[in-house]
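Two complexes are shown next, each including chain A; its partner changes from chain B in the first to chain C in the second.
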Partner chain A sequence: MAVQEGLTAPSSPERTRLWSQTGILVLFLGPAAAYALIFLILPYASVFRFSVWAVENYGIHQELTAANYLRIAENPLYRAAIRNSLLVAGIVTTASVVIGYALAVYIAFFSGRGQSALFFLLVIPLWTSFLLRAFIWRMILGRQGILNSALLWVGVVDKPIDVLLFNMFSVCLTLTYVFIPFVALPVYAALEKIPKDLIEASMDLGGSAWVTFRRIIIPLSLPGVVTGAIFTFCLSFGDFVTPTLLGGPDVLMVSSVIINQFGASFDWPMGSALAVIVIVIVATGVALATQLERRNG
Partner chain B sequence: MGSTALLKSSVREGDAIVSFDRVEKRFGEFVAIEDLSLDVRRGEFLTLLGPSGCGKTTTLRLINGFELPTRGTVAIDGQAVSDLPPFKRCVNTVFQSYALFPHLTVEENVAYGLVIKRLPRRDVESRVRDMLERVRLSDKAKRRPRDLSGGQMQRVALARALVNEPAVLLLDEPLGALDAKLRRSMQFELRRMHQDLKLTIVCVTHDQEEALTMSDRIAIMNSGELIQLGTPREVFERPTCRFVADFIGGCNFLAGSVDGAGVVKLTDGIAIKDGDSGPPRKVTIAVRPQNISLVSPEATPFTAIVRDVAYLGTMQRVALERGEVSLHADCPENYADIRPGGLVGLKFDPEHIALFEEG
Partner chain C sequence: MQRRTFIQATATFTFGAVAAGSLPAFGGEELRLLTWEGYAENAWVKNFEAEHGVRLSKTYVGSNDEYMAKLAAGGGDYDLVVIVSSLARRAIDAGFVEPLDLSQIPNFENIFPRVKNVPFIAKDGQIYAAPTFLFVSPVTVNAKALPEGNDFGVLFDRKNAGRIAMWDDVSTLGDVANWMGIDDIWNMTDDQLAAVRAKLVEQKPLVRTYWSQQGEAMDLFANNEVIAANSSSYITKILKERGVPVREFLGKPPLGGIDSHFVVKGSPNRELAHRFINHILSAESQGSIADVTGYMPTNPASKAHMRPETWTELGLDDISREIDSMKFWDDIPRRARYIEVLNEVKAA
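Presenting the complex of A and B:
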């Protein structure tokens, strides 16, 4: 009789244990799930919902329509903004990867005793505001800026030149400066992780420094490059501060247009549709980069 | 006599594939290798044996070029290699960690050395295929190193080095990361490859059993110095110093002296052996655990107290105490009853005793 009871009804300590397991799960995963819901899923859903509505008579008409997307496809201004953003993000990502990689290689392999000091110098700018770092380039590149003064003093030019500021060049230069650490840091981390004996093994098998760099070091640091490139591409594609401060009228980027839609134009659905396109482009970029990394790893 | 010695030395010189001539290596103040002269003969399996920090790995790295001598010369195949970088030396190394390239497949790892030498693709393919067959890993050709077991990785590392047909194959603690059973079978496999492929191998290890099993000759090193060089039998049976006797095979050491009549005595006056031809002096008497037999305490004045008995399967190891001195004796398992705390007599054949000068 006692045996049968023991078989059928779960004993009370067992029940307590089950409960406490559920409790622990809720305790640990609850906040994360809540965060994901409130700050990720709901905002994305909301942006998408607005993008398929439209503005009529100064009010948002809550009816399913593809009108915003069609307008984006037809309007050369929107297309130019997206194209500009893609171009800037492409140039900035390429330049940051090349310079950031070289810098990381230098710090990891050639800086000797100065390694930690250089690393520190690389990180320091990240402690100051992004806005400040962008603004400083206005002071460097402007008509009365440091660069023009220097050129005048040396005598290369006889009056200040205008080509330095308020164009694609100044935007790309500033963004590249800002994002170099975003590439150099993950690449440096990846380079540091490469076991020294792999490098020795390559040289032992007849690989010169260059062969070893190309066949061993670059492939093994690729995860760091991909991480840095994703950061740089996403953040420079969607940047608003730099084109506003240094872009001038020619460099219309998609983030400026979006802000305009939500502000002055009061066309939230249009702004949302543009935002959805930005999300799709960025997500595609990330997916491609991740794929590339996986195929190589 | 003089001419024989001359002949011998000239033969040895012609035979040497790697020679160290009065090599010294310092790292700052630290002397890693002190005045090393050593010839590796063509076709031999030479093991550098010693405790960690003895300079054996540095010696290996002087051959593959990752270290350069502070003084003296290293020559490979008669050519001084001091200004040859590692990638221009005709030697290949199996690293302790195997150092397989994680982003390449097994096949690509093995092909690495041939591909960067720009060999025709067909040659590369057939040589890689042959080598993988030889190490019995043909079915793993497309796998990544992370999918392999320790023993398989070891064989890939071996294949990757051997496919380049090196003049000397260098092994840096090649079996250190394997379990005991696999290690034993790899010892014989390396030995077999050495014979089949007529390789010259220089191997670094701290494991004396490994050194004895695989080597043609063993170079025993300690604190940067070459202590003794000889065949496994020579270094085991005729160690030239206390360090070698202790490091290879383990040994008991007793303080003693030789008197004017050539009788070897322990410090407490017990005679061990007579007929020594040397002058009267203080000596260290060395006897291996397996050469001590335990007898009844009445049968000999040389007695000790049993402190502990450990069962080792084929025999038992008896820890003994004789005053201040600890001794070990290995006896057959079925030996008469030995209990901790009991008194036993110790006997050994005078043939099996080695004498080392004090200091």
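Presenting the complex of A and C:
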């Protein structure tokens, strides 16, 4: 009897333990799960649901249709916008990784006593609004901007040059400026964690500075690079402030098209379909980067 | 529109009135307005509130699209809404608004005849809206760089290469089509749209940038980035006040728009809403609004109730003369396609 009882239901102290374990799990993971559900899973599901509906006269028809996706596939406009976004994100990520990495290496290994001051200077721009930082570049690159004034004053040019602003160059330059800290900070954090004796051991065993950098420092800082690169890629791919303010007539990015759909066109389904495509592209990029990190990290 | 960025001019005024504790606690009804900042300022609303023993609650909106989004989300929170002429037909067809009882709005008769007879406020023989304000879409140019010429073609002149800005808005397609001599600019055929698109693509090498916010357009002129743009009267006005040498001219025929007051479908305060519309259409209110905000009245009798210089500054003599030939922002049946064309130009 006693044995059977024990099999069917846990004894009282055991039951309490199970309950308290469940309680702890709910307490600690519940909010996280609720957050994931409310702010991640449901919104994405909703975007996807909208993307297979249609709009007619300010009403959304909840009938299943692939029309939005077909429109995106048929009109080269959407491919061009996505291509532009990929191009900008690619250039910005590459430039930010190269410059951000060099900066992080400098701060971590070569800045000596100025290390904390430099780190502080790197973080300061993040306190300012993104919009403001983008707008300031308009003042720097404009016809009457700081750069043109300097060039005129030095005598390099005799009239202001137009090519600095309102094109792909100004968009990439501004975004790179904005995102360098996003790469430099995680890389710096990774570099800081590399044990000094590993570097010394490499040098002691006859490894040159280059070999040490390539075989020790780069692999160990790769997680930082991947983190920074993912941030930069995703955020620059989806940015619309910079192309709007500094893009000029040629730089149409997909986020601007999406905003058009939700605003002026009142075509939420079409906007959602474009958003789904963006999500797929960005998710693929992130997955590839994570794979790369796993293989080499 | 100039309403959008009107905040600064009236903020002080509104704040003053509120701070002085002049908002009486009405026991009576509440009239809920969805409107542009500046359309319902205390200067011309206080007396209405006092007279009818009601309180006005105002919700301001930042763009035309936002109005439609708010109404689409359920207009039950408002009694009255201001809608621009290009979206009026849509609001009526979507069932956001209900027909007016003109017998309750005697001032409707005083509106410019052309304006009160525009087709987009009527359906099935019923009038759905009272046109309350006018605006024009001019070309703004730097008066030093371009002292002469009043042709829209200035925006396509190679001499101005790199110094032109265009508005990133569907109305730009209408502006260009109007200049190209297309009649039905808001309902173009595929061929006409293709011709306008080709014209805009051809223009692209001359364009410095497309502007989307009015402040941005002002910044472009003030920093000498551009010398010509299709714009708004508000942009010209503010630039002049800042001492930037600009002038403006209208297309041929002139292009503009109308903002109208509508009663939201199912409003429990129908009668009061009608009285408010009648109040805002009165010559006194319209004159006062023009003086304070620089908005163009639809009731020409307001001339007697505004400063003479306001009438002149707003170019209301020209408007009165040309109003019959004016083209107004109208419903764009293929709005999504128009926006797509605009994006195609940028992607070309």
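Points to keep in mind about this one:
The rule is short, and it goes like this: the second predicted complex is superposed on the first by the 273 of 297 C-alpha atoms of A that agree within 3 Å, B and C clash if a C-alpha of one lies under 4 Å from a C-alpha of the other, contacts with A are read in each partner's own complex, and residues count from 1 in each chain.
Here is the rule we use: contacts are C-beta pairs under 8 Å (C-beta built on N, C-alpha and C of every residue); 3 or more make two chains touch, one makes a residue touch a chain.
Since this is a predicted model, take the numbers as computed values, not measurements.
By the touch criterion defined above, A:G207 lies against chain B but remains apart from chain C after alignment on the C-alpha atoms of chain A. Touch counts on chain A: comparing chain C and chain B, the chain ahead is C. Of the two partner chains placed around the shared chain by superposition, chain C is the only one that A:L252 touches, whereas chain B remains out of contact. In the superposition on chain A, contact is made by A:G142 with chain C only, not with chain B. In the superposed model, A:I216 lies in contact with chain B only, and not with chain C. With both structures placed on the common chain, the touch criterion links A:Y58 to chain C but leaves chain B unconnected. Looking at the shared chain after the overlay, A:D197 reaches chain B, while chain C stays out of its contact range. In the superposed model, A:G90 lies in contact with neither chain B nor chain C.
When both complexes are overlaid on chain A, the residue A:P125 reaches neither chain B nor chain C. If you check the complex, the residues on chain B that touch chain A are 64, 66, 85-88, 91-93, 95-97, 99-103, 112-113, 116-117, 160-161, 164.
Across the interface of their complex, chain A is touched by residues 63, 65, 68-69, 71-72, 90, 93-94, 96, 162, 169-170, 204, 207-210, 212, 216, 219, 223-225, 335-336, 339-340, 343-344, 346-347 of chain C. Chain A contributes residues 57-59, 75-77, 80-81, 84, 138-139, 142-145, 162, 165-166, 244-245, 247-252, 256-257, 260, 263-267, 270 to its touches with chain C in the complex. Only residues 195, 197-198, 200-208, 211, 215-216, 219-220, 296-297 of chain A touch chain B when the two sit together in their complex.
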